[in-house]
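The structure under discussion appears below in the form of structure tokens.
Chain nomenclature is as follows: A, B, C, D and E, assigned in order of appearance, with residue numbering initiated at 1 for each chain independently.
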Amino acid sequence: GTTGSASTTDITVVLFGDAEEITGYQSMVEAFEDENSDISVTLSPVATQDDLMARLTTSFAGGNPPDVFLLNFRRYGQFAAQGAIEPVQSYLDDSEVLDESDFSPRALDAFRYDGDELTCMPQNLSSLVVYYNEDLFDAAGLPYPEQGWAWDDFLAAASELTSGDHYGAGVAPSIIRLAPFVWSNGGEIVDDADRPTTLTLTRDPATREAVDWFLDLQLVHGVVPPDAEEQSESSEARFLRGTLGMYFNSRVAVPTLRTIDGFEWDVAPLPVAPGGEPVSILHSDAYCMSAGLPDQDAAWRFIEFAMNTGGQEILAESGRTVPSRLDVAGSPAFLEPDLPPRSSHVYLDVEPYLRATPRTATWSRVERESNALLEEVFYGRVDREEGLRQLEDSVRPLFDLQVGDDGS
Amino acid sequence: MTQTTRLSAARSGAPPGGRVRESVSGRRPGTRRAVHVLGRFAVPALLAALFAAPLWFMVTGSLRPAGLPPPRTLEILPPEPTLAAYTRLPELMPLFTYLGNSALVVAIAVPVTVVVAGLTGFGIRLLSRTARRRVLVGLLVVLLVPVTAVWATRFEVFRLAGVVDTFIPLLAPALLAVSPFLILLYAWSFGGIPESQLQAARLEGASWLAIWRRLAMPQVRPATLAVAVLAFTFHWANFIDPLLYLHSGDRYTLPLGLQFLRLLNPTDWPLLMAGCVIATLPCAVVFLFAQRILLSDDPLAALRGGRR
Amino acid sequence: MTAPEVAPPDTPRRARSDRTLSGWAFLAPYGLAVAVLIALPALLNVGYAFTDHTGLTRDPQFIGLDNVQRLTSDTFFRDSVEASLFHVAVSVPLRLIAAVGLALLLAAPRPGGRWFRTAVYLPTVIPDVALAVLFLWVLNPLYGPLNQLLGLFGHSGFNWLADPSTARVGVVLMLLFPIGEGFIVVLAARRMLDGRLYEAAALEGCGPFGQLRRLTLPLLAPVLILLAVRDTILTLQVNFVPAYVLTDGRPANATLYLPVYIFDQAFEFSGFAYAALITIVLMVITATIIVAQLLAVRRWRILR
Amino acid sequence: MSGGLTGARNGDGRSGGAGIRLEKLSKSYGRVRALDGVDLDVPAGELVTLVGPSGSGKSTILRLIAGLDRPDGGRVLVGGQDVGELPPHRRSVAMVFQDYALYPHLSVLENLLFGMRVRKVPRAEARRRAHDAAARLGISDLLERHPDQMSGGQRQRVALARAVVREPSVYLLDEPLASLDAQLRITTRADLLALHRQLGTTTVHVTHDQAEAMTLGDRVVVVHEGRVRQEGPPQEVYDEPVDTFVARFLGSPPMNLVAGGGVLGGEPETIVGLRPEDLALDADGPIEASAEAVETLGNEAVLLARCLDGTRLTARTEPRLRIRPGDAVRLRAIPGRLHRFDAGTGRRL
Amino acid sequence: MSGGLTGARNGDGRSGGAGIRLEKLSKSYGRVRALDGVDLDVPAGELVTLVGPSGSGKSTILRLIAGLDRPDGGRVLVGGQDVGELPPHRRSVAMVFQDYALYPHLSVLENLLFGMRVRKVPRAEARRRAHDAAARLGISDLLERHPDQMSGGQRQRVALARAVVREPSVYLLDEPLASLDAQLRITTRADLLALHRQLGTTTVHVTHDQAEAMTLGDRVVVVHEGRVRQEGPPQEVYDEPVDTFVARFLGSPPMNLVAGGGVLGGEPETIVGLRPEDLALDADGPIEASAEAVETLGNEAVLLARCLDGTRLTARTEPRLRIRPGDAVRLRAIPGRLHRFDAGTGRRL
């Protein structure tokens, strides 16, 4: 808590990330403390988002929540629904440092829990993209993917690249990987984006078409590594080793991919459905403040610093994040022409088309269970029709679950 | 001294596999020898190898060069063993800080565990029969409470005590002797000390605490050794308590660090195995020191051997 | 020092109670720790089971038996109970048999015996998280040593963690290795048996197998029961960290053991009160199994 | 040495010690009545042997004197002072247990020092006393050994030495010879006696071996079922047992007891007793019998004879008899050596 | 009963049993040479007592006969047949251990049935034999108890009963009386003897108690340091010990041995022995001494005397002497009872 002595205030910041990300946050905290000698920050990192949830629940339940914590937009609904988060809207409105218009509207919209007031400050604006191995494309005589390429182009390239222990594409079977394809095809993954009551993978024809296309990659065309192969060597490891043509991931992968020195690689937008839109899915984490603490001032000053140019640049330099501040995102600090990927603008080009999944209190659970069942279908462990039906059926009750006073 | 040797021989018994069976079997010498060697060495060696195998895979897996896909056939040793994975570990995380924190926690928690378990076990020894039975039922109930039931609610206690984000919550299991099982281990061992010894010491003016410290504890050193090893393993491997009750990154312990590692690349096996080796090594070393006594044919005799 | 002239009124039993008092005094630190760190939190937790506490706010409301109602229609909970029961039914006997069998086999003094015992104990020192990571590797369908071993016998192996039944077997297999504690206890107990009894039995015509069946096992019965009870609790409640890391409930809830589900509910899904209720169920299940075990072996005179 | 009864000891702290007096001592363990009104007086400096069958309450008496248990009723006086409220270690009492209760993890020297260490006796003083005691008991060259490296007899002496270093007013010895083998028991018995002569400290020695009781004590106290049956000098108790229990308990083989007198002659309503050594083989003896067995003991033999009326008698005889089982023999009771007891109460008439 | 030596037993399976013959038996445990060429012959039906100090190898002999250990050299013959290759349970040998080795988890009845159950004796037959044996040893009313609910003497009888149900050719008893108290030992000794008379089975009885050895056996075998020192009827061994070891070992108090003869008269280079009972108090005796101690045993007393030249002698005397320590006494050796041994080898001359 903010148990400060007369001169300095202590705040605790809980974040998640891998070792390298944490180093980035560390240097940002140091820069902040240099500028604000009256605030001392305890940086409290955890590895996974699961660990983060455990940490946050314990400290909220124990009455000692952190001042600032980082949450993915797919999880904050759970907290927001119970009023555990102090909305930042009023702070942002009063701020002399930050201005709402500096930030990506798509990212901000994702964090308006009631659709109106801003709940948390999104710090990044990542999205799903395609990383591809230029050397493999060259060897196969394929053109590099470009803006607006279509599903068929993608499939053709993937098939061409698949041979022996080489696979054309790597993608994790999960809702957030599947969703942009559905949206691109004009479908929806839930019946109502604001008050969803069920997944719509089977009932909406456009959705179903996209789902089948996605599943066919593995089940029919075999351009995605099968189950056992994926467990033995992740797609990322394959891509690093140069035996995977294309790899779907968000910006997160970049620091790791930068360790590649055996071949050239770049990033491309998602392929577009026939006659569809170049949609992608938002990946964004935001700084939230705990509700009910006596003094939010220090916490807000930390967020201000992190969201301001200086803070955003420090993180952008790690290569891992796409800054949510559009001015920083457009600056060399992010675009960095001397380090791969050359085409970082791809992340920014898609910004107007970014969409987000529902942000209800139980969404993270829905996603979790769906992913487990989708994996069963994707790797052919269960029959496709049966599997998808089961997926919808078993997940449907989760939409109705009440968490706190939400939904009543 | 003949008396002594015979006594200790009787104490260690003649287990069925040993001397007795050897002379019992009445088959022809050749077959008997074959069966004998098989029973005495081949089968145990096979089982021992089976149990050692996962550790072996762990070590050899960590010695493979990074980035290469693992072999698809069984290999006893990687073709070009390398320590590359180990040198990468400290680059990826503050390995030595984590190790230092873990060491500090263990250095405090293990003695505390031994003292609490020892005191409690001795207390049980002193109680009357009926009281003892009641305490044992109580211990069973304590054992019954799932750990998950207290994780979050304990935080409240720690917050009220103002010890969140210190190492003190990590000592909580030590104050609980890690598990009632360790207390039982002590109670059981203390049961072997004859009543007359306690009374003799009382007569000589020793307080119960002095009796515990000077008489009881020194006599159950194998139990202490066992408790210490088990406690070491527990505290060293403790993942949940640091996750929930530690906040400052620079106080983190090794298991939390291992978690960061897993996130980096879930199939970078050499790196993961190296992390596992580092996490396991201290426990293994501690245990290897203890096994000399703990697992010898006659632990008491082995202890005495160390004493002279 | 002179003796007091008059005896105080309650002279009798003071010497005895001096000892009893000391006994309780020795138990006091532990008792205090139990009260503060287990009893209090656990009671709090039981209280929460009948509220709408989510873990994120601090004003839980009493909602009566709503959570119980929810429990009755929760298919995940049903899966979870089934997974746990399967696990206990398979894992506990196997772990016991392994620990007891190995301890008895390796108890006899023999050259190098210590190293055989050490090998059996060693997997027990592997930290939980490391054990799980290690088994992710061991059970790997393509590179995993287990499938490669099966390959030597011409079997194509399994995709262990992908299939519900093999995933369960995989977890059981993993937990079959850290049996060192039971192993060591049986070893110690076996050493304390009187070698003379075995000679007497041999003289009466009892072979090694008969000695095992008629002497060793009945004599070790109290220890075995203690281990069974402890292992039941451990398997149901504590051993979940490796399972959590290895499979995290997948596939198809096959390994969604109760503690994993409790953890998910309490810490991931903001179902703090609901998790508290499942915790109570878990305790009841555990206690039931233990009582059943104790009743089943009542005639062995272990409580003598 | 701190507190306790040191004041009751005389000058050099070596001779005499304190007398013990038990008054109406009673004690029950649950429903078992271990002691049932025991009165006993042990003058300072005397060695008294408590003898009785197993379970008769001998150990309980010692435990009450030492303060390890509290009596349900009655008083314990040491040196004339009621020690009811004194904890064990302030009673200036040293006890030697049947199993010696040596501390197995300590060397002999450390065993001797243990008590003084916990009582904070200065180091030099403690070592001096330990070495003194060791020398006195002839174990000076065992000081570095551990208990399990010694023979029973050696352990026994260490246990005694540990009692000696306390310089107590009273020694309580609970069957200290029971776990020694026959040969060793005899020599250690002599050592014990010698020690008592040297120190002259009040000593209560418990045994269930009647031979030990006879040879050791200035006085012997026969205990049975929680009561003192008889006390007195050994020979006196042997010669004039107060009842049939004592008569049979002391002496081996035990006294022949014939209800109603039978072949020994006597009134009905009485039991007549005759010790085996008082029954002689005599070709003209009045008692006709046939030999049943002859147990040869080297220096003597025990003849088991069955009289014509079926009474069995044992007689102690010369060793080199040529009597075979079945032979007819004649016996004579040495006159004046008959004991008469009441058939109802068993008490001596 | 399966296999083994039943053939060697005669008709009714009750009398005689099989003779035992040990030839040049030797056995080492590590560096300890437990047996060093033991030759022994036990005729069928005889009861032989093995006696010797602790560690002399008595138990080892039994273990080799039973087949619990294998000899390093030499042969064991039972009923004339080399049993070297037979496992213990085919040797038709029953053993009673010093600590009884009753199965603590079984009731007395189950203890008795145990061996017959593993040997697949029909149920009814087994129960009959168990009840028979129990009746024979007077433990019929203890059948439902567990070993920890019985006294030492009762356990002892159960152990014997367990041996009896086997109906073996040979009984091996390893100090079965050692853990009993003195009173119980005497009565159980008688029971044992009676049992042997009834069954007439070859029996080897081990003890370190010389009194037991003297009274029990048809023959006594004295073992020392892994060798048989002497064997023969008890009285013969007592009267003519072959060396000083046997001389001192049998008899209590032990024989007086005076190197060079001294006050007893004799040549140098010899040791002269005299049993305490052969040394009489005699006012005109040639040996002047002063009394050191008198141990009264009720029926007799032992006088410890120190002669003028410092030699200590013990004499067995009348009980009611009025001699005090320090009194001057005169002693006389009964002529013809002197034993002479070679001073170098200790062997009888």
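Some observations on this one:
One rule holds for everything that comes next: contacts are C-beta pairs under 8 Å (C-beta built on N, C-alpha and C of every residue); 3 or more make two chains touch, one makes a residue touch a chain.
Heads up on the chains, UniProt names are B = Carbohydrate ABC transporter permease; C = Sugar ABC transporter permease; D, E = ABC transporter ATP-binding protein.
Everything quoted here is computed from the prediction, not taken from an experiment.
Looking at subunit A and subunit C, the chains in contact with each of them are B.
Across C-E and B-C, the chain pair carrying more C-beta contacts is B-C.
When every chain is represented by the mean of its C-alpha atoms, the one lying closest to the mean of all protein C-alpha atoms is B. Taking the mean of the C-alpha atoms as each chain's centre, subunit A and subunit E sit 91 Å apart.
Measuring from the averaged C-alpha position of subunit D to that of subunit E gives a distance of 26 Å.
Annotation: 42 Å between the Cα-based centres of subunit A and subunit B.
Each chain gets one centre point, the mean of its Cα atoms, and the points for subunit C and subunit D are 54 Å apart.
Touching two or more other chains at once are residues 54, 68, 87-90 of subunit E. Each of the following residues of subunit C touches two or more other chains: 55, 140, 142-143, 194, 196, 199, 202, 207, 263, 266-267, 272. Subunit A has residues 54, 57-58, 61, 63, 231-232 in contact with two or more other chains. Subunit D meets subunit B in the complex at residues 2, 66, 68, 88-90, 93-95, 97-106, 114-115, 117-119, 146, 148-152, 162, 166.
Interface of subunit A with subunit B (complex): residues 12, 14, 18-20, 22, 26, 42-48, 51, 54-55, 57-59, 61-64, 66, 231-234, 236-237, 240-241, 256. For subunit B in complex with subunit C, the touching residues are 9-18, 20-21, 24, 40-41, 43-45, 47-49, 51-55, 57-58, 61, 69-74, 116, 119-120, 122-128, 131, 135, 140, 142-154, 156-157, 172, 175-177, 181, 183-185, 208, 212, 222, 226, 229-230, 233, 236-237, 239-240, 255, 258-259, 262, 269, 272-273, 275-276, 279-280, 283-284, 286-288, 291-292, 294-299.
Of all residues in subunit C, only 19-20, 22-27, 29-30, 33-34, 36-38, 40-42, 44-45, 48, 55, 102, 104-110, 112-130, 133-135, 137-138, 140, 142-143, 145, 148-149, 151-152, 177, 181, 184-185, 187-188, 190-196, 198-199, 202, 207-208, 211-212, 216, 226, 229-230, 233, 237-238, 241, 259, 262-263, 266-267, 272, 275-276, 279, 282-283, 286-287, 290 touch subunit B in the complex they form.
Only residues 1, 3-4, 7-8, 194, 196-197, 199-207, 210, 214-215, 218-219, 304 of subunit B touch subunit D when the two sit together in their complex.
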